[in-house]
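Heads up, there are several structures right after this.
The same subunit A turns up in both complexes below, where it pairs with subunit B and then with subunit C.
Here is the complex of A and B:
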């Protein structure tokens, strides 16, 4: 009896301390939690609800069941947008990863200078709007320096943004230019993490530099590469700034990517219900891509471990 | 040892080619910025006839005067500008207001939350943290549509509060990023502070924050750059001239084609220089830290 009461007396301040700690934790988390609930959680739930209504910013919005989703199935512009987005993502990610990998290897093998890494990162730090305007000027049909250069070497001038066959490739190229230094830096960090003795062993075995890259660097870089791919892939699906500034989805629908289509539906046609349904589909696509990627990554856990 | 030194000094065609590649990458990165500067100091009318000249075409500061709202309408028209009023001083000020307030408030509240997630023990901590993290998965546009309705219903369209509010109180990334750092601080120092009678708030500000100055600064820079460069959200809620930020202003400026003739390229390039410069300066001063933290996030 006395023993338990002593124990209780000893434990009581601890209990009080725990309660105090909980109150402090609640106070510390509260501002962020309010921000989270009001601007992340609540809109996410509301977005799902909107996708089942015909809300248009001016009326209260009637529940229309799955009508929006049924509309998506027959919406040629949506499928085209998905196709254009896929084309953009494949070109952007493919080119960017290849160039960044080359840059990363160069950084690691000879140019370890921080200044060079800093320079290559500048386009990533600058706003997408600035980059878009800059390239629109460089690629101008009449007096742009790139077309002048084409002219100089005897190639025909190109309407980079006006030609439906070129427009989305141009946008993809611009964003490769913007992010290649950033991607290269991430891959460079991955290369730095590979222990030196692996290369030494390869060199002793008589492996050339090229062989060391294909047989040593690349396989050991796989986990980092996979992570970088997934992050840039998700970002790539959300291409908006460049298109909003330069082509506005045109010519015709050649650059009407899914993000721009959603924006157009919501803010030019006030069709919030339908726009929300497409946004939810985009969410599902990204979730699917992430899950597939995560699976692949887990299957290929670092060979170093 | 000697063989390595010798082979280093010997001319190596492969190595030389690799250095050429590095040079090409640096050139591809820097030349567009040079061209932006060069054009911004040019006279619009002279651009077509000097389209290949590496120096500014009929060098002048007119473009800057025009976009900073320092030249009269007729003067601007004459130099290939448009009749619409442009005042990049004001947009610069607006961008500073938005980026600085977002950075300060968001970093503070995200750090407080990160501390509670990393260091305090309370029921439901991990569940709440996981829910916070799940927000990283949601594509921004999905929550942007309802957020726009909310901001409109609150009557906050075309106000600074409306522009900053969704990002003001937290960002899931910031909470996640700082929590990782707080987890690694040794508990002994914290306990010593607690034994000295410091409360949780004091421990946070006097021990945790000073010890995490580096990651907090890094995060603040990243937040600042993101807020400065954001286009989508301010485009939706802040087109009014009084709150128009640089990115939105650039888009509108681009759309205002002057009467006759092509776009006001020297004016546009001057405006992009103004929009890019603060971030480039910040990056030059603190770039080392940013580079290191990006590399860190790559390995982790």
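Here is the complex of A and C:
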């Protein structure tokens, strides 16, 4: 950039070629980079600043030091929200990964039809709000088809959204249903990448289908599985839409997950400073979780290499 | 829109030239528009899709009377609406006039986001008594005019009434008290039916297998308890708070309130009303009522039209029961507000006064969606409802109390709502409201 045009002209063609490539690279990266800086980086930095103020949207906000962070320590609702979120993430990711893995194997070994593979993806295509509304109808205590089916076979009706013990599990289940097809597709792609001859070798050595899965598929799938876990884990922490549509944080605080709490603080109670502080704490937690996960799953190394 | 854009461009050019020094800010006066012969385009937002056609007609009538001012009416869903308004106020893209809600009003006044209309000539005696006070801020200034009158009544499924051997006349003079619930509770019990066909007031009634609940439940409600529990507490002689609107002292620790709540939860315990767990696990009260699962509900007059549009259920409306302190209903009114960011405050205020005034409210009354706050339009509204087969007279029978319109309402509700849910779920007892009340009152110290 700082080179003068004379200097540029003196360069040999090869260098000129490389320079042109740099410009191409910049041109290709720019749209994403500009978006990242404008919509992510700048707001994130501003969020850090806001977390040290009492900003309320309508006035610029005064610097309050670490007061917001001190408030978090004593905020029972925050700690409860963290616990509820963790509960959700464990159920959601655990169930989703298990189901998706099973589906991926079935897709690879059994369901070769493109139509069936496509159908598995349909729930993921539907918007989160519509999915939430759909299940709200299906799970209605009195007129929902699920409860009527339970009643028909002689089981007691369940208040899926209204019972504090069930509400967060219901929300987790809905999102498993929505995302399992997509997760399965990612894992399926990973399975496809495993060379056939490994399975042939396993078969010759007398490995059963189950053994081949545990000893061949799973270890070789590890990098893909790790990536899928990290991506879906972060997505899982961001649970918001289903709760905003169905339970709105209730009953009592049973589904007041961290994102919904942040939203409520900022946009209903105009406490943007405190909401930003909680968002940053969440950021720190997610960063920690991701680093630990990367380390544990050795995602950057493949056993195929 | 076009006019405004070119004005903005002009303003930008002026700024660049550096000649803007000394010019007043946009809210120092009407400035542009009237007088100069320029056309002004105002934007007006509301959230209630049912009321949009009526207000579109009002906007057209306003433009007919003021040819140099056009009005663009826009409707958003409730959640989108408020985030668009608040972010719009910050970014300068908020509408000139919007429908305000009592729960947001004190914050907007507090943060100087809406303009007072004290300089407009309005005859406040034209409105149903009590309602105009809703839109006076804690600073004593008036910011809006009441438009509708949000009264509450008793909706009953006529078919289920008939099956139970009751007529609409049996509902006209119900009594209530917090001890045994009076004839109101007797009726609720009688209308409750279990799977075996036994009624709630018969021996052998199985409260664990209820097929039809005598009374529906629409969630736990917020601190106003509108249409859910407020009518009972009020008719027990309770008041929301004492003191001023800026420094309220809430009365959620009053035995008149806690006794009422004990009775209210008792309805669920007896199986006459769904528990909160059941009621909050589904689509909503009206859907269950429409499916014949609730014999009666308490709901606002603003829902009347949608009740009568239900296909499988014929509805009768009755007045709320009479308690120890008489027949009582909450009331609430929507009102418009002029944003502080408007470039045309004079025209915007003119529009606000028109929308809340006689001519527009008469148009709104003829739509038959809400009951207007202006007394001159009440008869028109009644007539329109009547042609749709709805008698709204029962709504007008109770005495009314205005719901609280106080600052920090969202913070107070963050304390109140989980506490009320916990109580209705049986996780806490009525004495927990004493601590809740202290926490809420601490917000106003």
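For the reader, a short list of remarks on this structure follows.
Operating definition for what follows: the second predicted complex is superposed on the first by the 264 of 305 C-alpha atoms of A that agree within 3 Å, B and C clash if a C-alpha of one lies under 4 Å from a C-alpha of the other, contacts with A are read in each partner's own complex, and residues count from 1 in each chain.
Simple rule for what comes next: a contact is a pair of C-beta atoms (placed from the backbone, for glycine too) under 8 Å apart; a residue touches a chain by one contact, two chains touch by 3 or more.
Not measured: the values here are computed from a predicted model.
Look at subunit A after the overlay: subunit B and subunit C clash there. Legend: residue contacts after superposition of the two complexes on their common chain; A:224 is shown touching subunit B, with no touch to subunit C.
Of the two partner chains placed around the shared chain by superposition, subunit B is the only one that A:44 touches, whereas subunit C remains out of contact. Of the two partner chains placed by the overlay, subunit B and subunit C both lie in contact with A:143.
When both complexes are overlaid on chain A, the residue A:57 reaches subunit B and subunit C alike.
Look at A:264: by the touch rule set out above, it reaches subunit C but stays clear of subunit B. After overlaying the two complexes on the shared chain, residue contacts for A:65 are found with neither subunit B nor subunit C.
Of the two partners subunit B and subunit C, more subunit A residues are in touch with B. Taken together, the two structures place residues 57, 137, 140, 142-144, 244, 267 of subunit A in contact with subunit B in one case and with subunit C in the other. By the touch criterion stated above, subunit A contacts subunit C in their complex at residues 56-59, 77, 136-137, 139-144, 158-164, 244, 247, 250-253, 264, 267-270.
Partner subunit A is touched in their complex by these residues of subunit B: 14-15, 18-19, 21-22, 25-26, 28-30, 32-33, 35-36, 39, 47-48, 51-52, 109-110, 112-113, 115-117, 120-123, 125, 128, 131-132, 135, 137-150, 152, 165-170, 172, 175, 199-201, 204, 225, 228-229, 231-232, 235-236, 246-247, 250-251, 254, 262, 265, 268-269, 272, 275-276, 279-280, 283-284, 287-288, 290-291, 294-299.
By the touch rule above, subunit A contacts subunit B in their complex via residues 18, 21-22, 24-26, 28-29, 31-36, 38-44, 46-47, 50, 57, 102-103, 106, 109-111, 114, 116-123, 125-130, 133-135, 137-138, 140, 142-145, 148, 177, 181-182, 185-190, 192-193, 209, 224, 227-228, 234, 237-238, 240-241, 244-245, 259, 262-263, 266-267, 272, 275-276, 279-280, 282-283, 286-287, 290. Subunit C contributes residues 79, 82-83, 86-87, 89-90, 107, 111-113, 220, 274-283, 287-288, 291, 293, 410-411, 414, 417-418, 421-422, 425, 427 to its touches with subunit A in the complex.
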